[in-house]
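Heads up: the structure comes next, in C-alpha cells.
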Amino acid sequence: MEVTLTHFLIVSTILFCLGIYGIVTRKNAVMVLMGIELILNASNINFVAFSRFGNFGLQGQLIALFVIVLAAAEAAVALAIVLNVYKTFVNVNVDEIDSLRD
Amino acid sequence: MNESLLINFAVVILFLPLLGFIVTLLLGKKVSKIFIFENLVMLIGLILSIVLLIAKVTTFNNVSISSEFMWIDMGDVPVIGQIQIFLGLLLDDISALMIFVVFLISFLVHFFSIDYMKGDIRYNRYFAYLGLFTFSMAGIVLTHNLLMMYIFWELVGVSSYLLIGFWFEKKSASDAGKKAFIVNRIGDLGFLLGLLTLFLTYNTFSFVEIFTEISQGNLPLNSEFGLTITGIFIFCGAVGKSAQFPLHVWLPDAMEGPTPVSALIHAATMVAAGVYLVVRIFGILTADAMLIIATIGALSALIPATIALTQNDIKRVLAYSTVSQLGYMIMALGVGAYKFAFFHLITHAFFKACMFLGSGSVIHAMHHEQDIQNMGGLRKKMPITYATFLISAIAISGIPLTSGFLSKDGILAGTYAFGTLTGHWYFPFIGFLVAMMTAFYMFRLIILTFHGEPRNKEKYEHAHESSFIMVMPLVVLSILSFFIWYTPNPMDPEAGWMYSDWIKNPELHTPENLRFGFMQSDVTSVITPPGEHRIMYSETYTAALHHVHGSAVFLSIAMAVLGILLAFVMYQWKKISADILADKLKPLYKFSYNKWYFDELYHKIFVAGTIGLSRLIAWFDLKVIDGIVDGSAAVTKAFSKSIGWFDDNVIDGLVNLTASVSAFIGLIFSKFQTGKVQTYIIMVIFSLVILLFLFKSF
Amino acid sequence: MNFESLNTSLQFLKPEIAVSILLVVVVLFDLIFQNNKKALPVISITGLLVTGYFIIEQFTLNGYAFNLLTADAFGAFFKLIVALSAIFVILFSISSSEIIRCEDRQGEYYTLILGMVLGMFLISSATDLILIYLSIELLSLSSYILAGFVKTVERDSEASLKYVIYGGVASGVMLFGISIIYGLTGSTNLYTINSILQSAQLGGFTFIFAGFMVLSGIGFKISIAPFHFWTPDVYEGAPITITAFLSVASKAAGFALLVRFIKITFFDSMSESGYWILLNVIDWQSLLVLLSILTMTLGNFAALWQENLKRMLAYSSIAHAGYLLLAVAVLSNEGLIAVLVYFSIYLFMNLGAFFVVMLIANKIGSEDVDDYKGLGSSVSFLGVALAIFLLSLAGLPPTAGFIAKLYLFIALIDANMVTVAIIALLNTVVAYYYYVRVLKNLYLVRKEVEMEPVGVSFGNKIIILLLLIPVLVFGIYFTPIVNLAKSSIAFIGF
Amino acid sequence: MNFPILTFLTFIPVVGMIVILFLKKENIKGIKYTALIATGIQVILAVFLMGNYNYSLGGINDASSFQFVELFRWIEIHDFPWIGTIKIDYFMGVDGLSTPLVLLTAIITFIATLSSWTIDKQLKGYFALFLLLDTGMMGVFVSLDFFLFFVFWEIMLLPMYFLIGIWGGPRREYAAIKFFLYTLFGSIFILLVMIGLYFSTTEVLADGSKVFTFNILEMMNTANYTSDGILSPLNPNNWRFLAYIGLFAGFAIKIPMFPFHTWLPDAHVEAPTPISVILAGVLLKMGIYGILRFNYPIFPEITQQLAWYIGLFGMINIIYGALAAMAQRDFKKLIAYSSISHMGYCLLGMAALNTMGISGAILQMFNHGTITAMLFLIVGVLYDRTHTRNLDDFGGMATQMPIYTGFVTVAFFAAIGLPGLSGFISEIFVFLGAFSYDTIRIIAIISTLGILLGAGYMLWTLQRVYLGTLKEKWAGLKDLDRREYLMFIPLTLIIIFLGIYPSAMLDVMNTSVNTMVKFMQDSQMFFSSFGG
Amino acid sequence: MEIYDIIFYLFAAITLLSAFFVVTSRNIVHAAFYLLFTFFGVTGIYVLLGADFVAIVQLIVYVGGILILLIFGVMITNKITQVDIKTGTVHTLPAAIGVGLFTGIVGAVILNTEWRIVDSPMPVATLSTLGEMLLTEYVLIFELLGILLLVALIGAASMARK
C-alpha cells in the first residue's frame, strides 16, 4: 500500500489520542507532561505532512519549528511548576492534588 | 318663616350634636362639667326641632323642602357624561316628625344619663358619644339621598359600637359592640349593593331623582327583577339595623351597653332607622319585594316574641320585645299599611324608651341587678317608675286609650285586610298571636319586677325611687303614650291629626304591573290635589280595611287582655305554676330560653367557619404559597448547605419539588468540580464529543 | 519583503513594541538594581501609560502588520482594557500581602505580568492562527507561573499545576485543530481562510471539527462551559491580583480573539438589518447560545454554593463570560457594542471587587464568606465599596453594571431572542442571591465580638475611588463608553 | 415654570444623604435633623406643587398637559449601528395620576422620619439609606421616561433591603432577602418589556428623524409603532400579550397581588416601624401606579381583555388578605395582611376601567397610604413600649393610653371604611366603578364581603388589644409623647379631611382619569383593527 | 517506492508502539525511555516528509533538551534510592471510553476528508528557505518566540529556584 497523506495523518491521530489518554490516566505529573509532548508532536506531524502533500510551501515546517521551540519552553515551565508542587506537596500525583475543589 | 330658613334650621339641627360631640370629646379630660354643654346643645336641638315640626305641620304642610350642594364632581366622564354627587337635606313630613322624635328621646336620654352615669370614669366621653350618635341619626333622618343615608347609616353603627362597648373592660360588652357592628355590616352590604345598582342605573343617589326616573319607567338594570332586587337589597340594610330576622341576634347582646343607651339606640331611634329606610323607599317597592319584607317582618315579630316569654334579664325581655315590635312595623310596611307602620314607629319609640329608661331606673336602684328573678315588690319602693312602666306596658299591649292601641290596632287591621285581599292569612295570624305574647311577657315582666314579694331582700332594702333627673324623662315619655296626643278619638287614629295630616301616604313610583292590586296611584283621582301622586288604595282595600276594622279591634283587645290575664294567672296569682309549665314543655321552653339557638348556630357556621377558613388561609399562605415561592426563588434555602436538606422540608411536597430542583442544579454543577484536573479533561473530551455530535448535521 | 513594508508594519506594532521594551527594561532594572524593588511598579506603570498612548493612537490607525496581525480600533479597545487592568493590577500588587511576601522575586512578577500583557496585546489583534496560538502560549506560560507565584503556599502550587496541565491540553487540542485547518486551506491567515471558504465549500464536518478544537482553546481562555473547569480552582488558588488580572484582561483578550476568529473567518456578508450573515460552515449562533446559556447557568448556580469569595467571584466571572458570549451570539454589530460596553464596565467592577476582597483578606486573613459576618461596621468604606461593586456585578441600577446588562438585553431583544433573554434575566436573579449574600454577611449578621475598624491607606482609597467613580458615573451617564464602544467595533476589512 | 420643582423634590433627599455622609457618626442630632429638614422641604415642595397644580389638565398621554415638566436629553448617542440615535430623556412631569402620590410620598416620608427617632444603632447609615430610598420613591412617581423610571424603581431596592436587613427584627435576613428577590424578580420582567417597547415605538425628533424611544407618552401613541417591533401591534407576531402579563406581574409583586404577596408579611414583621410605614404607605402604591401608568395606556386592548382577571385577583386579594389577617396573632402581620386586602380594592377599582373605579383606585392608594402608615405607627408605638407584638399579650390598652387609643380608633375605623373617614370614599368609588362594569359585577358583589371581613378582624383586634381589662404588666405604659403626636395628628387630619371633603383629592385626578379612560376607549378602535 | 513505504511503516510502528508504552508503562523511567523512541520515530517521519531541518531540530530539542529535562524531572520528584520508580493510572475506563470515542471521531474525520494532495517534488534543502522566511515574513513570530523564551526562562527560574 502506497504511503499517502492519510497514513501520516493516522499516525498523528493515534499519537494525539495516546497523548490525551496519557494525560488523563497517568498519576505522575511528569508523565502527564509527556502526554502533552505527544500531542504537540502529533500536531507537528500534521503540519509537516500537510505542507508536504498539499504543496503549501515550507510554512508547515516553519510552524513545526515554532511549536518545537514552544514545546521546549512549555516543558521547562511545566517542569518548574511540577518541581514546585513536589516541594510543597512532597509528591507529584496529579489525582491527589485536589484541595481546590467545590 | 320661609323655606330657606327652615332648611337652615335643619342644618343647624344636624350639626349641633356634632358640635357637642367634638367639644365634649376634646375638652372631656380638661373640663369635667363639659357634659352640661352637651346637654344644652341637645336642648337647643330639641327646641329647634319642635319649632321645625310645628312650622312644618302648620305652614309648610305637604311641602318637601330640600337643599343640596355638590360634594364630588367627577367631571366629564367618558360615555356617561357629567357625574356629580350631591349631598343635601330633605325636609318633608316624615323627616320633620322623625327628627323631633329623635331629638326628644335623645334629649331625655341625655338628661336621664346625668344621674345614671354619675361616677363613671369616662363620664364626659359618654355624652360625647351620645352626641355623635344623635348627629348620625339626624343625618339619616334628614338626608335627601341614599349615599348620605348610607354614610350616616354606618356612622350610627359606629356610635352604637362605641356606646354598646362603652364599658369595654367587660369582655361581654366589647363582644356585643363588635357583634352589633358586624351583624349590621352584613345588612349594610345589601344596602350597599342596592345603592350601587341604583347609581349604576341613574348616576345619582338622590331619592327624588331616582324616584322620578323609576316612575318614568327606567328600571334599575333595565328589568322588573332589577327593581325588586334593588328594593330587597336596600331592605337588607333595614334588616341589619332594625334587627330583623335573621340578623336580630345583635340586639339582645347590645343590652351590655348602659341602659339609657339601650333606650335611645335600641328602642327608639337607631333600630327605627331600618323602618325609616323602608318608609323612604316605600314608593319603589314592588309587590314581590313587599311580600318578602312582610315575611321577614312577620318572622321577626314572632320569633323574638317567643323568646321574650322565657327570658329573665329585664333588658333582654325589652330587647326581644323591641325586635318583635320592629317586626310589626316591617310587616306592616310589607303589607302596605304604610301609615300605621310609621305611626307605630313613633308611638313605639316613646313607650319603649320609657320602658328602657324605667328598667334603667330599676337597675340603677338595684345596683346593676338585671335579673327579674332577683327582683319583685319594687312597686312600693319605686312608685313613679312603676307607674310609668305600667303605662308603657299597657300601651305596648295595645289596650285602648293608649297610643299603642292606635298604632298596633291599625297594623293588625292592615294585615287582616291584606289577608282577606291576598290570601296571605299568616300575617294577621302571626300579628294577633304576637299581640297576645307581647301582652303576656310584658306583664310577666312587670309582675316579676314590681309585684309580689321581693326575692332579694338585701338589694330590695337598698332600693329607692330615682332622682328627679331620672324620673322626669319617664314621666314625659309615659305621658306621650296616651292617645290624646295623636287623636281625639281613642278608638280611631284616623280621626287624629297625626295620622291624617302629618303622616301621608307616599307617592308610588313602581310600575303598575308590579304593585299589589290594591295599591294604585291616584293620578286619576280627584280626591287629592293635582300634582300629588300619592298612594290611593283601591276600593276593595278600603272596604276590606273597614270591614275588618271592627273585628280587628275586638280581636286585638281580646288578645291583649288574654295575654295580660295569662300573665297574672301565672305570676301574680300563681294559679298555674310557671315552673311546672316550663317543665312540661321542656323542649319548647329550652328552645325559647336559648333563643332558638341562633347564637350558637351562627357561631358554629359563620364565626367558626370564617375563623376556620382564615386559619386555613393563613396556613396555606405560610406553607404553600410561600413554599412555592421559596422553592422557585430557591436560592433562599440553598444556603443551608447540608445535603440532608431535602429531608428537612419534605413536609410540603409542592415546595420541595421546585426548591430542590433549583438548589440541586447548583449542587450538581459544583459536583463536577472535583478538584482533579484529569477528570476535568475527561469531561471536556466528553463534552466536545457531545457538541460535535449535536452539530454534526450542519 | 522590503524595508519599507517592514517599517509600515512596525508602526502598527507600537504598543507591542513598547511593552516588549518595557519588559526588557524591567528585567534589566531588576538585575542591575537588585535592592530597589519599589521602583519596579513605578517603571511598569509609567511604561504602560506610554503604551496606553500608543494604543490610543491606534484607534485611528488601521493596517496589517506582517499579514499576521491587524491594527484596528477593535483591537485597540481591548488593548486599552488590558493595559488599564494591568495598571490597576500593578497598583493592587503594591499593597498585596501575598506579593509583598515574595519580595525577592518581584522583578519576575512584573516581568511576567508584562509578558501576559504582551501576549494579550497580540491576541487582541492577531489574525493568523499561528500567531494566535503562540501569543496564547505566551500569555499562558506567564500566567501559569503567576498563578503559582507564591510558591510556598499549597493552593498556589496546586493552582499552577492544574493550570499548566489543563492549559497544555487545551492549547494542544487547539494546535491540532489549527493543523487541520491548515491542511484544509493551506493557510493560517484568517483572511485567506475566509476567502477560501467563500470560494469553495470546504470539508463539511472536518471544518466543524477543527473549528471546535480551536474554540476549545479560546474557550479555555475565556472560561466558558464546558472548558471552564480550571477557572474556579485556579482563581481560588492564585494570588488575588493575578486572579483579578486573569478574570478581566485575559478574558477580554480571549473575547477579542473569539470575535475576530468568528467574524473574520466565517463572515459572508452583512444583512440589511445589521446582522452578520456567516458562511454556512458552523451554526455559530446556536452553538454560542447553547454554550452561553450553559455557561451562565452553571456559573450562577454553582456560585450559590461557594464559601470562598474568590471562588465565588470565579464562578461569577464564568457567569459573566456567559452573558458576554450571549452578546457575541447575537452576531451583530449591536451585540458587539454590547460586548465592548460590558467589558469596559466589567473592568472596573470586577477589579474593584477583587481589590476590596484583597484588602479585607490582608486584614482578616481570610476570603471566606462566613468570615465576613458582621464585618460591615468595621470596614465601613471598604464595605460600601464592595457593596457597590458586587451590586454592579449583579446589574442593579443605577450602577454601571446595569448598563452593561441593558445593552446586552437591548441587543438580544432587537434580535428577537426573547426566550434567551428571559433565561439570561432569570440567571441574573439567581446571581443577585450570591452577591447579596456577601452583603448580608457583611451587614445583616450581627457579630458577638466587635472588630476594630479596618483602616484603608490613602493610596488605596484613591485606587478604590478610581474604580468606584466610573462604576457609579457610567451607571448614570454612559454616553462616553457607548460612544467609545460604537467607534471601536470597526474591523479592518469589513 | 422655570423652577425645576420635581428635580428638587426628587433629589433633595440625596443632598441630605450627602450631608449626612459627611457628618460624624457621633453627631446624632445633626444626622436626625438633616433628615428631618430634607424630608420637611420635600413636604413643603409637595404642598407647593399641589397648590400650583392646574386641575384642568389631563396628562396621561399628552405631553403638553403634563405639569411641571422637565425635559432634557440625558443620553444621546448618534449613529448607533442599525438603531440610529439612541436617546434617553430626563423627563419628569406630573399629572393627576402622580400628583396625589407625590404628596403622599412626601408626607409619609416625613412622618417616617419622625418615627425613626427611636432608631438607635448605626444612625448614619440608616438615614443615608432612608433618604436614598426617598429619592427612589419620588423619582418613580415623577418619571415619564421608562428608563428613568426603571432606574428609580431599582434604586429603591437596595436601601430597602438594608433597612429591613440591618435594622429589622430577628428574622430580618430572611425577610430582607425575600423582599429583595421578589422585587428583583418582578423588575426583570419590567426590564424586558421596557426594552421590547423601546424597539417597538419610535419618536419623531425635531429634525424629523425617527428614533426609538423610552418616552412613555410616545409609547402610548399608536402612530408611533414600528412595523416590525416585537411589541408593536402592527407586527402580526407580536408578543404584546405576554409582555402585558410580564409587566403586570412585575408590578403585581409590588402591590402585592395574590399569589405574589408572601414577601409582604415577612418584610413588615421584620422591618422597623418607619420602614413598615414607608413600605405600606408608599412602596405598595408603586405597583398600582405602574399598572395604571404603563399597562393601561400602553396596552389598552389587552387591559380590556384581561379586566376580568384583574378584578378577580383584586377580589382574591380582598378576601384572602382579610381572612389571612383574621388568623394572625402578630399585630404587625395582621396589619400587613390587611394591606394586602386593601390593595385588592385598588385592583378591583382599576379593573372597572371607568372613571369611578380608577379614581377610586387612586384615591384608595392615597388613603391606604395614610391609613396603613398610621396603623403601622400604632403598632410601632405599642412595640416601642412593650417589645411584643403578640395580640394575646395585650388587652385594655384603652384604659392605660386613652389618647393613643383615640387615634387607634380613628385609624381602625378608617381602615374598615367608615364614612366620614377617607377609606370609605375610596372603597365606595371602587365599588361604584366595579359595579358599573358588567364584566366584573359579580366579582364586585363578592368583593363587598371584604368590607364585612375587614370590620371583623379590625374590631376583633381592637377588642383584643385595647378593650377588656388591662394586664398588670402594662400598668406603667405612658401615653403618647409630643413627637408621637406630631406623627399622628397630621395623618388623622388628612384621614378625616379627605373623608369629609374627598374632592380635594378627586379634583386633582379627575381630569386625568377621565382622559385616561377616554384614551383607552379611543384606542380600542385602533387595536380592534388588528383583530384583538 | 517500496522502500519508502517500508521505512514509513517502520517509523510509524516505532512511534506508535513506544508512545503506547509511554502512556501505559508503570515504570516512569521506562516510560521516559520509550518517549525517546517516540521522538526518534517522529524524527524519522519528518525525514520521510522531506523536512530535514525540522527533523534535526526535533532530535536536538526534543531528545537532547526536553527529554533530558523530563528525566531530570522524574529523578528530582522521586526519591533517588527508590529502585523502580512506578506510577499508577487513574480512571482508565472513562478515559478509554472518552478517548476511544474521540479517536473514532478524529479518525473518521481524517479518513473521510478529501485532503488536497498536489504532487510535488520532495523539497531538497529547506534550511535556507526556512531561514529567509523566519527573518522576513515571520520575523514577528521569531521575535515573539524570543520574548516567549525569555519569559519562560525567567518564569521557570523563578519557580524552580529556592
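Residue numbering begins at 1 within each chain, and the chains themselves are lettered A, B, C, D and E in the order written.
Operating definition for what follows: contacts are C-beta pairs under 8 Å (C-beta built on N, C-alpha and C of every residue); 3 or more make two chains touch, one makes a residue touch a chain.
The model shown is predicted, which means the values in this text are computed figures rather than measured ones.
The chains that touch subunit D as well as subunit E are B, C. Farthest chain from subunit C, judged by C-alpha centroids: B. Chain centre most remote from that of subunit E: B (centre = mean of CA atoms). Centrality by Cα centroid goes to chain D.
For chain pairs B-D and C-D, the one joined by more C-beta pairs in contact is B-D. For this pair, subunit B with subunit E, the centres built from the Cα atoms lie 103 Å apart. Centroids built from CA atoms put subunit B at 97 Å from subunit A.
Subunit C and subunit E have Cα centroids lying 32 Å from one another.
With centres defined as mean CA coordinates, subunit E is found 6 Å away from subunit A.
Along subunit E, residues 90-91, 95, 98-99, 102, 105-106, 115-116, 138, 141, 145, 148, 152, 155-157, 159 each make contact with two or more other chains. Residue positions 177, 181, 185 of subunit D each touch two or more of the other chains.
In subunit A, 9, 16, 19-20, 23-25, 29, 32-33, 49-50, 54, 59, 66, 70, 73-74, 77, 80-82, 84, 94-95, 98-102 are the positions where the chain touches two or more neighbouring chains simultaneously. Going by the touch rule set out above, the chain pairs that meet are A-B, A-C, A-E, B-C, B-D, B-E, C-D, C-E. Taken in their complex, subunit C has these residues touching subunit A: 130, 134, 137, 141, 144-145, 148, 151-155, 157-162, 164-165, 168-169, 172-173, 175-176, 178-180, 182-183, 186-188, 232-234, 236-237, 302, 305-306, 311.
Against subunit D, the residues of subunit C that register as touching in their complex are 273-274, 332-334, 337, 376-377, 391, 396-398, 402, 406, 409-410, 413-414, 416, 418, 421-422, 425-426, 428-429, 432-433, 436, 439-440, 443-445, 476-479, 482-483, 486, 489.
Within the complex formed with subunit E, the subunit A residues making contact are 1-11, 13-22, 24-31, 33-35, 37-38, 41, 44-45, 48-50, 52-55, 58-59, 61-62, 64-66, 68-77, 79-84, 86, 91-93, 95. The touching residues of subunit B, when paired with subunit A in their complex, are 670-671, 673-678, 681-682, 685. Across the complex, subunit D meets subunit C through its residues 74-77, 79-83, 86, 122, 150-151, 153-155, 157-158, 161-162, 165-166, 172-173, 176-177, 180-181, 184-185, 188-189, 191-192, 195-196, 198-199, 230, 239.
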